[in-house]
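For reference, the structure is listed below as structure tokens.
Every chain is named by a letter (A, B, C, D and E) in the order it is written, and numbering of its residues begins at 1.
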Amino acid sequence: MTTSPEILKPPVITTGPIGWIRTNLFSTRLNALLTVVVIALLYFLLRPSLTWLFFDAEWAAVTSNLKLFAVGQYPSDEMWRVGVVVLIVSLLAGLSWRVWSGVARTFARAGGVIFVAMAFVPLSLDSLDVEARLWILANPFVIGLGYLLARVINVPPGRLIIAWAAAFVLVLFLLRGSGWMPGLPEVRTTQLGGLMLTILLSVVGIVASFPLGVLLALGRRSSLPAVSMFCTLFIELIRGVPLITLLFMTQIILPLVLPQDTFLDFIVRDRVMRAFVAITVFSAAYMAENVRGGLQAVPLGQIDAAKALGLNGFNVTLYIVLPQALRAVIPAIVGQLITLLKDTSLVAIVALLDIVGIGRSIILGNVEWRGSQREVYLFLAAVFWIFTYSMSYASRRLEEALGVGRR
Amino acid sequence: MTGEERPAADDIIVCREVHKWFGDFHVLRGLSITVKRGDVVVVFGPSGSGKSTFIRVINRLEEHQRGDVIVDGIELTHDIRNVELVRREVGMVFQSFNIFPHLTVMQNITLAPMRVLRRPRSEAEKQAMELLERVGIPEQAAKYPAELSGGQQQRVAIARALAMQPKIMLFDEPTSALDPEMIKEVLDVMRELAGSGMTMIVVTHEMGFAREVADRMAMFDEGTIIEEGTTAQVFDNPQHERTKLFLSQIL
Amino acid sequence: MTGEERPAADDIIVCREVHKWFGDFHVLRGLSITVKRGDVVVVFGPSGSGKSTFIRVINRLEEHQRGDVIVDGIELTHDIRNVELVRREVGMVFQSFNIFPHLTVMQNITLAPMRVLRRPRSEAEKQAMELLERVGIPEQAAKYPAELSGGQQQRVAIARALAMQPKIMLFDEPTSALDPEMIKEVLDVMRELAGSGMTMIVVTHEMGFAREVADRMAMFDEGTIIEEGTTAQVFDNPQHERTKLFLSQIL
Amino acid sequence: MRILTYRGTPLWRDARVLRAVTQIVFVVIVVAIVVYFVRNVFEAADERGLKLGFGFLEEEAGFPIAESVIGYTESDSFRHAFIVGVVNTIKVALIGIVAATVLGLIVGVSRLSSNWLVKSITSVYVEIIRNVPLLVQLFFWYFGIFLLLPVVQESLRLPGPIYVNNRGVFSVWANTTSSFDSWLLFVLGGVVLAVAVRVILGRIQIETGRNTHPNVAAALALVLLPTLGWFLVGESPLIRETPVLERFNFVGGARVTPEFAALLTGLVVYTAAFIAEIVRAGIQSVQRGQTEAARALGLSDAQTLLSIVFPQALRVIIPPMISQFLNLTKNSSLAIAIGYPDLYAISRIMINQAGRAVPIMLLIMAAYLAMSLTYAIIGNIYNRRVRFTER
Amino acid sequence: NGGDATPVVQTVIVQATPEPVSNRLDVVQDRGRLICAGRTDLAGFGFLDSAGINRGFDIDLCRAIAAAIFGDGNALEVVPITASERGPTIQAGEVDVLSRNVTWTSTRDSQWGNYTTIMFYDGQGFMVPKRLGFDSALDLDGTTVCVTSGTTTELNLADFFRQHNLDLETVVFEDTASVYGAYEAGRCDATTSDKSQLAAIRSGFSDPDAHVILPETISKEPLTPVVAHGDDGWFDLVKTVMWVLINAEELGVTQANVEQQRGSDNIVIRRMLGVEGEFGQSDLGLKATFAVDVIKAVGNYGEIYDRYMGPNGESFTLPRQQNELWTNGGLVYAPPLR
């Protein structure tokens, strides 16, 4: 036998569809039994569900109230601002696609497809008028524009991060407007609603809780016992109670705790802001624990080396510890954003009109929609699922990317 | 097994034209070998040539898809009882020890005899102590694996396999994860075992050990045995260029 | 410090009866040593004898609890200003490099000069390039540490410490995490540094290096210096049995 | 040569002094803020005529509570009403934890099944459930499923009989008679005997290797003694109580309300998805070699799973699992959305009816914190035990 | 040192102690809009239409006040709140008016705020499916009743059953819609609420005739807008606006004819519309003609009622009965404007 032995094709029975079925469905007696049982179960569960979904469900409660679900009571005259905000995000998504590729590419493309689908979704024009469809349809083009733009001019990643941050501020400003700007009259927080409020509460909640969380985490690891005890106590206190009690607390107790008629009135007298305070504090406690994990992952030698170079405690933390800790924590923060996005639905219980609150109001306040509970809740579930699932997908990809990344 | 010669009484392992695929990948390509009772067979060959897979087929940690594997007269088929029987007769030692970290050394060794053979504890422990003495670490019985060195862990693994009183022992590169001093400890134990008449298949590249202990040697390449013979034959008079080349590289 | 002799002008490090405890554990037990400006002192001794702790006390990465440590005329006390001053004068290189992985080589080196000494960036970068040339890796300036070999990382660490223009350099087993070829690279840089007149305390067991470069040597055991003298004395005529034994083991 | 000495260190540069001062300042600021807040509360309360004391707890509650483990009428005090809430929360949390753990284990193991169908279905389950807010799921379970069960008059009748309708599940149950207490002694005796038999025979089996059938013997003891007792105590200690449909509802037997059922289902289905992921990760953290070594030793699949894989996986699984238990408990506060009278729901009613927002909020916080603390303690005990037994 | 920080803290506290809001009208005018606590989830009284506008009987009362102050009924912000938050919200003065069907009770009057004028006379009743054959609430022994939590309804229910020694099982929900959802599904044998709501809900059922509202009214539920304690001027203003709505209906002044009616020769109408004479507008700080703005914005009491609950009402149909004007045998009665 001087030549290499023949390479043979595997026996048919182990490859192809038959092989697949054999190894994946009937490999052992137990598996065969399980397969049969599961198929039977699926048949009995799915058949009525699908029949209902495709033939019996009445989606009018959803389709007639699309604007409400999307933006709540946002004034119709000012809807262009929401459009512009979405366009800004699309533009940045396009830029990110080119600059970061990877996750950003997946999202930019998926976004484009979803926008096109939304623009042409076969609903009556009463539910989604031509103007709205045009606004939506502009987005895929803007995404493409961003991509091309980034090809022409060189956008360093650092700049892009700054651009996102700037856009964040700009978006908040655009949505709220102000009393003194002509053309941008103030939109009150009570008019922010629906999906927009859900997203705002969670994104702004994460952003605002970030510095607080970092401070708490640093405090908890402080060598000063008083500081570390206080931070630990605070974190555990907040983590020990349900968010809903915090939401209720801020609604009822915060106006008692804080002084009236001071600069704090924007919190004291604004229900949305108070909910926002609850969400931020709640999120900060969890953020602190995530960041603490990152801090613990920084080797002590790094701190020694930095101290030995003469950097003071503040600089050691700022330039050596935090950058390394936070990088390790990014996936956890995305995970927290996902949780927060789901958790903000609880504001509906304190009568805020996030997308769940809107859903409740539609069912409850209008006699004609009262029979559509299932449809509305399924719609809500689907909306949340799309957002959170895609984010957890992103978070997994990010984790892989950071895992192999060196910086 | 009509039309084929029956294995001789002292052929303890018979492989005939064994094929195995991982998906589309043809790992074992018509491999045949016969091992006699009491023989020590050293298996060697380049990485990826299917040595581990071969060894794992013998106690059916992997299924082969074509050909016959007969261990001590038991043919390995989908019959789960046969698999059970064979596994009791065959002990296996892995490259990465695979000692159970949550059990003490003693518990590691007595687990299978008590659960599978239903030995009383006292008896199992007595036997375990004998085995620990045989591998040279009786004083470690109460420790957890994490407190042992690699060489000690591998010796526990050997004792653990021996506790089932197998007729055959399979070793898959038992020393390649060890430091030099520890390699010696483990090889000594294996040497003693070979001396006691145990049938052994050893995947190893410790050629000193092979020359001293092995009865026969088999060179693997691309999923088959390209050369097989007595230790002397293979070392001093290899037939194949591949074997020559390979031996010259690793010696 | 009434009643005690003042250190001579060229004594750059003076330790007198230094004690340190970790909890109940007495690590440094009344250690005294004086290092002259420009001297290279090699520190050696068995593991756990307190060598690293001693070195870390000198730039107050650890606090000592009794005795005096005076570095370039600055006594190390709870006075935070003194600590700052001393850290600027003392550079340190660690066994595990401790290069900042999130910064490029250039940023690693310029960070401290820019933040602590408030040098303008251009100046800091110019100096950094000079240092990189001195340690022999100017072409790596823009890379991240993960892209460098261990030896290159350690050389960056040395350059990083030198960028603060310290009067004293401390090395804690700078080569023990390196492969043999890389050890040479790093020792070469240290040799050059010693030649330039830098005061150095080096914990190392590279005795060839010590014999060639060191002015004095200190043998640590159980938290004190049991033998201290010129390189020739220690090598050729050690006074203590422990020293003899230890040297015979590692040579 | 200049020497900067010890004695010259001014206070503001002394590290020890600085540490002390920083902490004192920190504490003062924190205390000041707290004092300020509390004063604001008192002032605001004064201004608006809110009462802050806990005295109201003794007053009559006046409102009805739909279900209670410990008995409650409108004329009971607020204090009692609050306790009813706490007990209701504990009830749903405990049952939920057990059920979620079981379901989570099954799903987690199934996600690693070699059966593609089982694997995919459990993956779909986990991915859907984890990504939809619990609140939405609870609404769905309650309004979309449990309330759409048949009405009382058209109940589904399961063997037992067990009746299922949108007022709950009604099942036969046993009522005690006067001889029950004596019989209980026999039952307890049976349990004790069974445990003893199981332990002793089990030990004999391990020591001698003979199969002593410890489980069979224990089961026999468990059955025989109570059976014997049944006839010895004279009057039958338990009488069967069958739910009967009266004018409006079933009466008698045991009952699970749809509110409880929906909350429990929601919590269990939701939490189990998270537990499944924890279990999966835990099992995957056990190296493949461990399973192979066990197989090679001749251990069966079940033995491998039970004595090799699970004990190792458990170390990884338990800590995050405990935090899921805590989450489940906290999430039970969403009961308020679907009408189950848990601690939070009852507290909110109390706030309305008694008008004491501040003290009641404090009570709520204290109750939840006490529960979190319990979990933390359990977690710590477990961690310590693991650390001791490991090496 | 901790000791000497206390005085500092105290000065801070002293300085920050809020001045009580002495004049809410000024505050509202400065702000440029009226803030009103309402709801979004009760058909007829407060709900969202598909454009996202908050509407309903309670909301129109707020709109009327906004129109009185600003001449524009849309200078209004409605803040939806839950039932449990009604007390704290108005006590804190967080909103200018609470118009979220609040029952006026003596305790609430002393604790929550000032109750203006009863705008809707209601009473608690029971609704049951017809097929159960109940004639009276006293037949309800042993039934399951669905009810909203944290309301007077809940307490009245308990009182009624205790008083008549009836057995009761309750199912309690935070929001009314859940209550009716559960009732309709058959979770309960009966539901109890203000009769207006029962009627509203009944009309929304797929087969309204399958349900009956039992004759007993077990409580008085006067629904009334509330303002915070401590500002008499504001209290008066809100009351007066409410009276305008009622008087306008009495006088036949409607949204459609209010401009013509300014030329009416009925002196009472002319006075109300500010054409001549004065009924306290300037004392309240309002324009002489504010009533015109109010009626233009929302119409008179009857028009508001009919808009949501009249024969072709947007939400449902509910006969006015006790909510008829006193002149038609109902209870709705307002002091004369003079």
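One rule holds in what follows: a contact is a pair of C-beta atoms (placed from the backbone, for glycine too) under 8 Å apart; a residue touches a chain by one contact, two chains touch by 3 or more.
Quick caveat: nothing in here was measured; it's all calculated off a predicted structure.
Colleague: Please identify which chain has its centre, taken as the mean of its CA atoms, farthest from the centre of chain D.
Modeller: C
Colleague: Going by C-alpha centres, which chain is most central here?
Modeller: Nearest to the common C-alpha centre lies chain A.
Colleague: Determine the centre-to-centre distance between chain C and chain D, using the mean Cα coordinates as centres, and give it in whole Å.
Modeller: Between these chains, centre-to-centre, one finds 57 Å.
Colleague: Just the number, please: Cα centre separation of chain A and chain E in whole Å.
Modeller: 38
Colleague: Taking the mean of the CA coordinates per chain, how far is chain D from chain E in Å?
Modeller: Computed from C-alpha means, the inter-chain centre distance equals 42 Å.
Colleague: Suppose each chain is reduced to the average of its Cα coordinates; what separation in Å results between chain A and chain C?
Modeller: A distance of 50 Å separates the two centres.
Colleague: In chain D, what residues contact two or more other chains?
Modeller: Chain D, residues with two or more chain partners: 24, 27, 44, 50, 143, 336-337, 348, 351, 357.
Colleague: Which chain A residues sit where two or more other chains touch them?
Modeller: In chain A, 252, 255-256, 259-260, 349, 373 touch at least two other chains.
Colleague: Mind pulling the residue numbers of chain B that touch at least two other chains?
Modeller: Counting only residues that touch two or more other chains, chain B contributes none.
Colleague: Mind giving me all the chain pairs that touch?
Modeller: A-B, A-C, A-D, A-E, B-D, C-D, D-E
Colleague: Over in the complex, which chain B residues touch chain D? Could you list them?
Modeller: 59, 61, 84, 87-88, 90-92, 94, 96-102, 111-112, 114-124, 144, 146-147, 157, 160-161, 164
Colleague: Which residues, counting only chain D, touch chain A once they are in their complex?
Modeller: My answer: residues 19, 22-24, 26-27, 30, 37, 40-41, 44-45, 50, 113-118, 121, 127-128, 130-137, 139-140, 143-144, 326, 330-331, 333-334, 336-337, 344, 348, 351, 357-358, 361, 364-365, 368-369, 371-373, 376.
Colleague: Name, in rising order, each residue of chain C that touches chain D in their complex.
Modeller: 1, 6-7, 9, 70, 73-75, 77-83, 85
Colleague: Tell me, which parts of chain A touch chain B in their complex?
Modeller: Against chain B, chain A makes touches at 1-2, 4-11, 14-15.
Colleague: Touching residues of chain D toward chain B in the complex: what are they?
Modeller: 206-211, 287, 289-290, 292-300, 303, 307-308, 311-312, 315, 390-391
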